[in-house]
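Shared chain: chain A. Partners: chain B in the first complex, chain C in the second.
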Partner chain A sequence: MTLLDFARGPAIHASLIILVAGILLRLVGVLMLTRGADLSRPRDAFGNFKGYRTVLSRAWPASEFNAATVYQTVMAYIFHIATLLVVVGIVPHIEFITSLTGVSWPGLPNFIGVALGTIALVSLLALIARRLMHPAIYNSTVGDYVTWIIVALPLVTGLMAFAHVGLRYETMLALHILSSALLFAYLPFSKLMHAFWFVFSRAQSGLAYAHKGVRI
Partner chain B sequence: MSATATTQVFPSFAEVYQGLAGQIGMLRQMAPQPTKTEQKRLQGAVDTLIADTNADEAVWLESCIHCGQCTTACHYFQSMQDAKYAPMRKMDLYRRVYQREISPMRWWHRLVTKPVKLSDFEEAKELIYDSCTECGRCTMVCPMGIDTASLVHHMRSAMVAAELVPPELAALRMEQKHQGTVFGSSPDKLKEMIDTIRAQAGVEIPLDKESAEVMVLSSAVDLVANGNGLLATAKIMNHLGVDWTICSDGFESANFGLLSGDMTLWKQQADPIVAAAQRVKAKTVVIAECGHAYPALRWNPMLRSGELPFQMMYMSEFLGKQAKAGKLRLKPLEQKVTFHDPCKTGRRGGAFEEPRAVLKAMGADLVEMPNNKEYNWCCGGGAGIFLLQDATELRDQSFKIKIREVNETGAESVVVSCASCRLNFESGRQKNNWDKRVESLVELTAAHLIDDDASAAAASKTGAAQ
Partner chain C sequence: MAYEPTLGDVMRSQGVSRRAFLQFCSATASLMALPAGTATAMAEALSEARRPSVIWLSFQECTGCTEALTRSHAPTIENLLFNFISLDYHHTLQAAAGDAAERALEEAQHANKGKYLVLVDGSIPLLEYCSTVAGHSNKASLEHVCADAVAVINIGTCSAYGGIPMAKPNPTRAVATGDIIKDKPIINVPGCPPMPLAITGVIAQYLTLGRLPELDHLGRPVAFFGENIHDRCYRRPFYDRGQFAETFDDEGARKGWCLYKLGCKAPVAYNACAHVKWNNGVSFPIQSGHGCIGCSEPGFWDMGGVYESVATGKFGDGAKLGTAAVAGAALGAGAAVLARRRKREVHEEEATEG
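For the complex of A and B:
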């Protein structure tokens, strides 16, 4: 079995199983805890549901915080959108998803895929640069840097494989798949779980404040 | 300095502040020492966090991505620029306990992390008390919407079990727990104050009526220092002609159970108020201008207020409702003013419109601060922090944000509606030789009441009265 066979076969499949099982373990383990009831009388008897709008409204910070947050927010958006488009948009990724699920869709032209991958990587560098330049604001932990590296690796190796830079193509591709497998396996046990938590976290706060008639 | 302190019965608020500062200085000597073994204190803290953690807390603890947005929203971080004051750090210890004890990954965290020690709680003390007013501004910017303030509140409960409450809060907690008073504000003191007000200001306060529509609470600051607060409240109630009373067995708004994190004491204080209100068949309980009394009573999640036969409202809400209904006849306030929303009644309480309605009823030229209502900067004195000597620098530095915000409005006065905010503003005003007046909403309202018909007619011609 070559390294590429290993990466394409057992490695990526095992990582996907860990990904799904890990996400379920953490989501179910937390969400099955009891909910504390707020017994106080709501400001508006039917107003609490308005809290759910925080799930969407918190997608962008309020103007009061613009100056302090705009760099981080813009870079984070660029990173998330570019990465998502690369993950589901380029032909080799679609072929992999098709091999697992049978579902397929048209891919992006190669040059757009490369451009998006580069944009994602640059925005990720822009984010780590600010994190390193303003240590007081971020309070970074080892986990923050490990997560950054694990997220950056598939982007770097993917771009290198595509551009035929570095090691032999098959080796670069294997490294790309292995680093993606690492990312999948790592996600449920890291802060990358925010991909799921944000909905619950925002909704909870939105409801708690809406109970008092406050829109957050 | 205060325009509302025109009556000579009681000292001005500037003097009140100085007198109270002296009393606060003595609290440190009265603080109780830990009584339990270190092992029991640690276990108590951990058990408290385990008991307090529901799905809400777990989700919030899981959600933080260390993005740094909250740091810029916190007045203590902004003014100190020190990493340790970042709001996200304030839940680090809670998260460690959560990860080892409750998280679905606890088996893993127990393998790779060290057990939490009592010294960890000792180190967290500054973050949990001195540098967090539980104002909630960080929640407004957090992309995950994490409610750091409620996590800090649970940490305060853990600190009570760990016997790590700061000396000033610990002393007042013990006084309220064992004597039922704050700074000696006993029922006798209340009666004495009511007698003084009757004798010297000629204002009647109906104490312990058998039944009344409105039950009014007072606060320790009113009773032992600022008599003008209670006097103003009485003038307004009498002006409105409402059927009101103060109950000597349930009048104290201040709740050092909530402030220190001792929820058993919180209940011990809240229950008599609820019982008194039910006994006098009150329809409304008015909470004195004492910011944290609002979450202690009106919004406490453990108080089943939906089923109570009365509604609870903050003084500013009560005044606002009366102003909106046109029941307050007020002389014009020909001034540019700004209003400071106390965190407990504003962002974490939702009473935004009512205090503004009172100022509008006086025809005041109300100018909002650049960050107002939900986004208001905390004055830095809430959640008991005004009392803490160790937090002096944090308070003084962060108050400069408030000075800047108020100065930007060009207002002559800043109106507050919370005794803690007011004391902190007064402290900041004196320390910085600030040229603004600091007014309390209830005292300002009382000073502008129109109680004779002639001036009422004159005022209504100018359109100032409602």
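For the complex of A and C:
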């Protein structure tokens, strides 16, 4: 069995099983722990609605924090959007998703894929640079750096494979798939789970504040 | 001893001009990245070369490799060079049969001990009764003939890596030559079939320079197998622009767009098809509208479906993912129930203590 056969066979298969099982384990495990509704009379009649609204309204920091946070907010947005477009936009990824689900859609031209991947990587570097330069703000743990590496690896290997640079294509492709497998297996049990938690955590704070009549 | 014609004599008798022969030598020398000036030296050396002893062993194969060399539309220099060397023993081509053929093999082996080349096509079954010639199993013949050989050249993917006979479930327990012969230099010229120029290029280099070519990590001559087909493909610009044929009869296919989505294995295949091409440079599979099947790679038959693209995952159906989802949800629910129970117990304990 070659490295590529291993990567796109057992490795990616196992990682997807861990990903799906892990996400549901975390979601169900945590959501079942939520408390019941607050029975006190809400201060704001539209409290619930306003609470859910925070899922979107908290997508950008309040203007008071603009000066302090604009750099990482913009970089984080660029990173997330570019990564998302690469993940669902380039043809090899679509082919992979189609082989798994049967669903398919038109892909982006390769040069756009390379550009988006590069943008994602550069923004990720910009974010780690800030983290390294301002240790007091981030108070980073080893896990933060491990997570950064696990996120960066598929981007680096993917860009190299896609642009046919570095090692032989089949090796780069295998490394790309293996690094993605690592990301999939790691996601549910790390801070990367924010991909799901952000909805619940924002809604929860919004609801709690709105119930008490806090302006949000 | 009877006069043995040189390769030059054979070429001249077949009406090959010196100019055509020099062109062939230049092309071979430049393809193999040999130093400038080698072409003329190669032409001189080749035209003076006397027939080297070559024993061709055919095992579990389809004769397609021999066909590729001998069935070109007109006699080519590759073809003539091949005819020139392959006279001692070759199942398909030799005139002799039965005992006479086996005697020719023994004679060639004794007369040229330590000097002859063994060309192998076909894989070797470890279930030895699956393929025998003249009462000898393929494995026994290979070991016997290779014992006094100078080198082994595997012609085709079957002898180089096992090929189709070794594809799952491998009913004959087929293996490659290199799995059995460990003490001789082995050159793999894979392909299903291999490119005629790659076969003769290796032989021409051996006849001219007396040495074997530089090999890659899979034992293939770098000169012919060092390039990725995708990198050399004339349809590469369409790949870069994201223009793909979706089916074999759509507009993209008619316009000659990239065949990646139709399962082309060029990105993971290394061969000279895209620049040397087949049938005297007429075309190659991708140019003819079909994706590369990666036939020069080990295990190509088990690399996934011919029409599944390289990026496709190999995990059968998604049923296991559904099971995983249910299992994950159950585990999560279990963990939550346990946590709640623990919390209640702690509360009760606190209440009792309070």
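In the analysis below, the second predicted complex is superposed on the first by the 204 of 216 C-alpha atoms of A that agree within 3 Å, B and C clash if a C-alpha of one lies under 4 Å from a C-alpha of the other, contacts with A are read in each partner's own complex, and residues count from 1 in each chain.
Everything that follows uses one rule, which is that a contact is a pair of C-beta atoms (placed from the backbone, for glycine too) under 8 Å apart; a residue touches a chain by one contact, two chains touch by 3 or more.
These numbers were taken from a predicted model, which means no experiment stands behind them.
S.K.: Chain A superposed: clash or fit between chain B and chain C?
M.R.: fit
S.K.: Is A:80 in contact with chain B, with chain C, with both, or with neither (first, second, both, neither)?
M.R.: In the superposition, A:80 touches no partner, neither chain B nor chain C.
S.K.: Please indicate which partner A:4 is in contact with in the superposed arrangement: first for chain B, second for chain C, both, or neither.
M.R.: A:4 sits against chain C, while chain B stays out of touch.
S.K.: Counting only touches as set out at the top, which of chain B and chain C does A:91 meet: first, second, both, neither?
M.R.: It touches chain C, and chain B stays clear.
S.K.: Touching A:40, do we find chain B (first), chain C (second), both, or neither?
M.R.: first
S.K.: Is A:138 touching anything from chain B or chain C once the two structures are fitted on A? First, second, both or neither.
M.R.: The first partner, chain B, only.
S.K.: Mind working out whether A:168 is in touch with chain B, chain C, both or neither, as first, second, both or neither?
M.R.: In the superposed model, A:168 contacts chain C only, not chain B.
S.K.: Which chain makes contact with more of the residues of chain A, chain B or else chain C?
M.R.: Result: the larger residue contact count on chain A belongs to B.
S.K.: Quick check on the superposed pair: does A:202 touch chain B, chain C, both, or neither? Answer first, second, both or neither.
M.R.: A:202: touches chain B, not chain C.
S.K.: For the superposed arrangement, tell me the lowest C-alpha distance between chain B and chain C in Å.
M.R.: So the smallest C-alpha gap separating chain B from chain C comes to 5 Å.
S.K.: Residues on chain A in contact with chain B in one complex and with chain C in the other?
M.R.: Residues 25-26, 28-33, which sit in both footprints.
S.K.: Note which residues of chain C are touching chain A in the complex, please.
M.R.: Its residues touching chain A are 228, 230-231, 239-242, 244, 260-261, 267-268, 298-299, 302-303, 308-315, 318, 320-321, 324-325, 327-329, 331-333, 335-337, 339-340.
S.K.: In their complex, what parts of chain A are in touch with chain B?
M.R.: Against chain B, chain A makes touches at 25-26, 28-43, 54, 58, 61-62, 64-65, 68-69, 72-73, 76, 131, 134-141, 144, 189, 191, 193-194, 197-198, 200-206, 208-209, 211-216.
S.K.: Quick check on the complex: what are the chain B residues that touch chain A?
M.R.: 53-56, 58-60, 62-69, 71-73, 77, 81-83, 86, 88-89, 102-105, 108, 139-147, 150, 298-306, 308, 311, 347-350, 370-371, 374-375
S.K.: What residues on chain A touch chain C, complex-wise?
M.R.: 2, 4-5, 8-9, 12-13, 16-18, 20-33, 91-93, 95-96, 99-101, 107-112, 164, 168-170, 173
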